[in-house]
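So that we are looking at the same thing, I have put the structure below in structure tokens.
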Amino acid sequence: MTSMTGYTADEMMTVTAARALADGMTCFVGIGLPSAAANLARATHAPHLVLIYESGTIGAKPDRLPLSIGDGILAQTADAVISVPEIFNYWLQPGRIDVGFLGAAQIDKHGNINSTIVGGDYARPQVRLPGAGGAPEIAASCTEVIVIVRQTPRTFVEKVDFITSVGYGAGPGDRERLGLRGRGPQRIITDLGVLTPDPRTCEFTMTALFPGVAAETVSQRTGWDVAIAAAPQAVPPPSPAELAALRDLRAASPGV
Amino acid sequence: MAEIVSLEEAIRSAVRDGDTVAMEGFTHLIPFAAGHEVIRQGRRDLTLIRMTPDLIYDQLIGAGCARKLVFSWGGNPGVGSLHRFRDAVEHGWPRPLEIEEHSHAGMANRYVAGAAGLPFAVLRGYNGTGLVSQTATIRQITCPFTGERLTAVAAVRPDVTVIHAQRADRDGNVQLWGITGVQKEAVLSAQRSVVTVEEIVATLDARPNAVVLPSWAVSYVARVPNGAHPSYALDYTVRDNDYYVAWDAIARDRETFGRWLDENVHHATAGSPA
Amino acid sequence: MAEIVSLEEAIRSAVRDGDTVAMEGFTHLIPFAAGHEVIRQGRRDLTLIRMTPDLIYDQLIGAGCARKLVFSWGGNPGVGSLHRFRDAVEHGWPRPLEIEEHSHAGMANRYVAGAAGLPFAVLRGYNGTGLVSQTATIRQITCPFTGERLTAVAAVRPDVTVIHAQRADRDGNVQLWGITGVQKEAVLSAQRSVVTVEEIVATLDARPNAVVLPSWAVSYVARVPNGAHPSYALDYTVRDNDYYVAWDAIARDRETFGRWLDENVHHATAGSPA
Amino acid sequence: MTSMTGYTADEMMTVTAARALADGMTCFVGIGLPSAAANLARATHAPHLVLIYESGTIGAKPDRLPLSIGDGILAQTADAVISVPEIFNYWLQPGRIDVGFLGAAQIDKHGNINSTIVGGDYARPQVRLPGAGGAPEIAASCTEVIVIVRQTPRTFVEKVDFITSVGYGAGPGDRERLGLRGRGPQRIITDLGVLTPDPRTCEFTMTALFPGVAAETVSQRTGWDVAIAAAPQAVPPPSPAELAALRDLRAASPGV
């Protein structure tokens, strides 16, 4: 759905995520928006971005968006194809990967993520979600984590029902206590803008807004009493070049 | 030496009620045809192990084959929920489903430990997550050199592992390539194994990125062309993404699922595409 | 991204006095030319790690570069002793050599732990052997699930790993094939790495049984044709078995060795065959 | 050196070792006599013998004797080429290999092997030997072990100077106590005949003699008071077919 501004919320989120990726970085990519963002970055300002998929492909260079994490085009274009144990043990765990993308069914003010259950108890939940996948160790071991998720009061909660992946735990010092060696989530990209962690409290603050987004909307769509920066950064809309590159990628990818 | 037999015979010989069964394949090479044969043969009380249950286990769970699921990510990739899995966990239908839940890194290492004949593996993982208190096969371990606290996960040792591969030779040596996931470890961690293949050839010429499982490390090989459908076998078939999308509506409703099961599994013959 | 430089520059940048250095290659692809460059540059007090010290470390030990050797099998394969190694252990010449001794399985797992960013690895090994009481990096560990007692070995984390490979592309991605031993783990366990290659090509076309190390996981690449001699690089050079036989007489005598060193290393230029 | 009987001691040992290998077995092979024996078996009665070398080749089918454990012909003819960690962790350690061959600088009456040091102490030995290599875990994990070594009083000792690889430790029950899962050395093939472990005491007894070997010679060439079976088996000399096959292999292998 394209808004009157000429681009969709998904496109705005994808472009914002792509901009966060510097050339030459190594990036652990999931399917969906993260994959679109990483491939957009590679097609525009970051031609040497290294795409790593948990299916075991390092340096994949797809010319369309992969349809699944195990899409054949990933293996066919990768620098190296390795086993799933190796991708986690030799590449993710030792901290070789700069950026990991995560989604979330729930995220709390300290960036802890739930993708396991909502409501009820663990054995008989109201909603059973897919679970952890690669997320706990991506959250632990990547140098930094970027979360991409739409901002709603149901998703942005004071306290998650289950901690699938640790952000900053209960606050400052928790990552160190838990032995998590990456820096944790450095930004949450939503359909309203970008939240970044307060360096003192580790609480996420809305520090950048997308064009046309009012502070009031942010408060309404956040389940905790979210702080908004006094002078939030105004995120520029997608440039024509960014939009064109993203749409070219999508056009080359039927079914995505 | 692996025996080359029909799919029906391979599953009948290898899979028994109450077994712990791993069917692996990371998006690629998922052994769907073998899964359907397990349903057709009416196996019950299985403990199913798989990193990504995917549609194959949604089908087995919905068909009532499973007592327990051991897994790390239970969704329909790119589409949404596995509704039969959710129905079993949320409502106990068609029977209650015990779960043992891990992360991908943990499951991968559990297979590695199984393949290596070790009772556990060590990783940096799970710290601070809710899984630690829910899953008995996750424990803390201390490095005897540095005193550092790490995580231990128990090895998996399936009774049977089932995988799909591109091909085997007439001696039963198996070759797979492309994204090969955790299949080698899954086969080596199991007591018995079944490999379905796209074709049986005279000679396995060397391939880039190929994994070879020697015949003597495999129990049964069965020729099942398109046996990974709706998953795929690189250089043989393509992934049926529409099937994955269509599955959402089929699996969402118990009756629709029941009809699908009758038409596509129970009344299909071993190895026919479904 | 790896820097593509001369052998002289790669060694000068990567290897410092007192470093812990691993030079790996299991019979195949032993980085002899790089070893000779380390001797030429006069490095001292190195801790040398290698499963099979082979002639390369016999030469470095005899040249006085090493303070300590970490290893699992120190012979001249198919020929006999490593006389410079023996002279150092038995008589402290040219200087005393501390040793840290393991089995192959233990060393392989120490590299695996290093590559995986873990402080130790677990194996079934060493039980009942004399190594347990001689080697501080071997300890007992108890399985937190079964209570079984197993063996832990400490990870190796070299300051520098040096390997030889068949080729690299212009971006510094490295490809090796044939018997690839423990080289991937050796590079990934190290802080820095040097890879000498037979040739630098425009594109690394896929090869059966190839290991690829991406450029961003390597520090320096240097083109050194025949850089494995007297070891070999499959599809490029053949092993010089006569050299291995002839080495016995050269290394047996300190003066003969000294002359060999002068003529073949000190007065040779970087990368020339020796 | 060919004796008056028309074959050498090495040939007799090699042929005896080859006969111990049944078709279809998996065999962990070192260079030298074991490699010759395994390849001879494969060329004669055991065409499906699976040769595994610690360099990472499974199912190697060389048409000549490999010149080193890392000879290119092993990788070029193998069913699978894998890493060194994998060969030890996935194949040897779990007990997948039926037979392992070992040599010895010293071996004692319980089949314990020394290939580390002789004389002096560990830190400053009289003779520094190559060390363990793959041997400790081969001795622990192969279903059975065959030792091949020439019989001399210096080699066959009451007590080894260092235990590199465990045979039966101090006697019955020791392997179980140590958690060693293979059955241990089932035979020692020497230039005089074959020793096998007494099932009650785990002491090695000379139970088979090569043609022309006297019991007295056995006693003279053993450093402990070795028992000789009352009616030792007479090992048949190499058959013409065995000798021809072995010599063909050697002829195809310059330098071995």
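Worth a mention:
Per-chain residue numbering starts at 1, and chain names A, B, C and D are given in the order in which the chains are listed.
Keep in mind that, in the parts below, a contact is a pair of C-beta atoms (placed from the backbone, for glycine too) under 8 Å apart; a residue touches a chain by one contact, two chains touch by 3 or more.
These numbers were taken from a predicted model, which means no experiment stands behind them.
Any chain touching chain C that also touches chain D appears here: B. Apart from chain C, the touch network of the chains stays a single piece.
Mean C-alpha positions place chain B and chain D at a centre distance of 40 Å. With centres taken as mean Cα positions, chain B sits 28 Å from chain A. For chain D, residues that reach two or more other chains under the stated contact definition are 89, 93.
Across the assembly, chain C contributes 116-118, 123-124, 148, 184-185, 209, 211 as residues in contact with two or more other chains. By the touch criterion given at the top, residues 26-28, 51-52, 71-75, 77-78, 81-82, 85-86, 89-90, 101-105, 108-109, 111-112, 123-131, 134, 148-149, 178-182, 184-185, 209, 211, 232, 234, 238-239, 241-242 of chain C touch chain D in their complex. Taken together, the chain C residues at the contact with chain A in this complex read 1, 115-118, 173, 184-185, 188, 204, 211-214, 216-217. On the side of chain C, the complex with chain B involves touching residues 116-124, 137, 139-141, 143-146, 148, 150, 152, 154, 206-210.
Residues of chain A that touch chain C in their complex: 24, 26, 48, 50, 58-59, 79-80, 89-90, 93-96. Residues 31-32, 54-57, 67-72, 74-76, 81, 83-85, 88-89, 92-93, 116, 122, 124-137, 140-141, 162-166, 169, 174, 178-181, 255 of chain A are the ones that touch chain B when the two sit in their complex.
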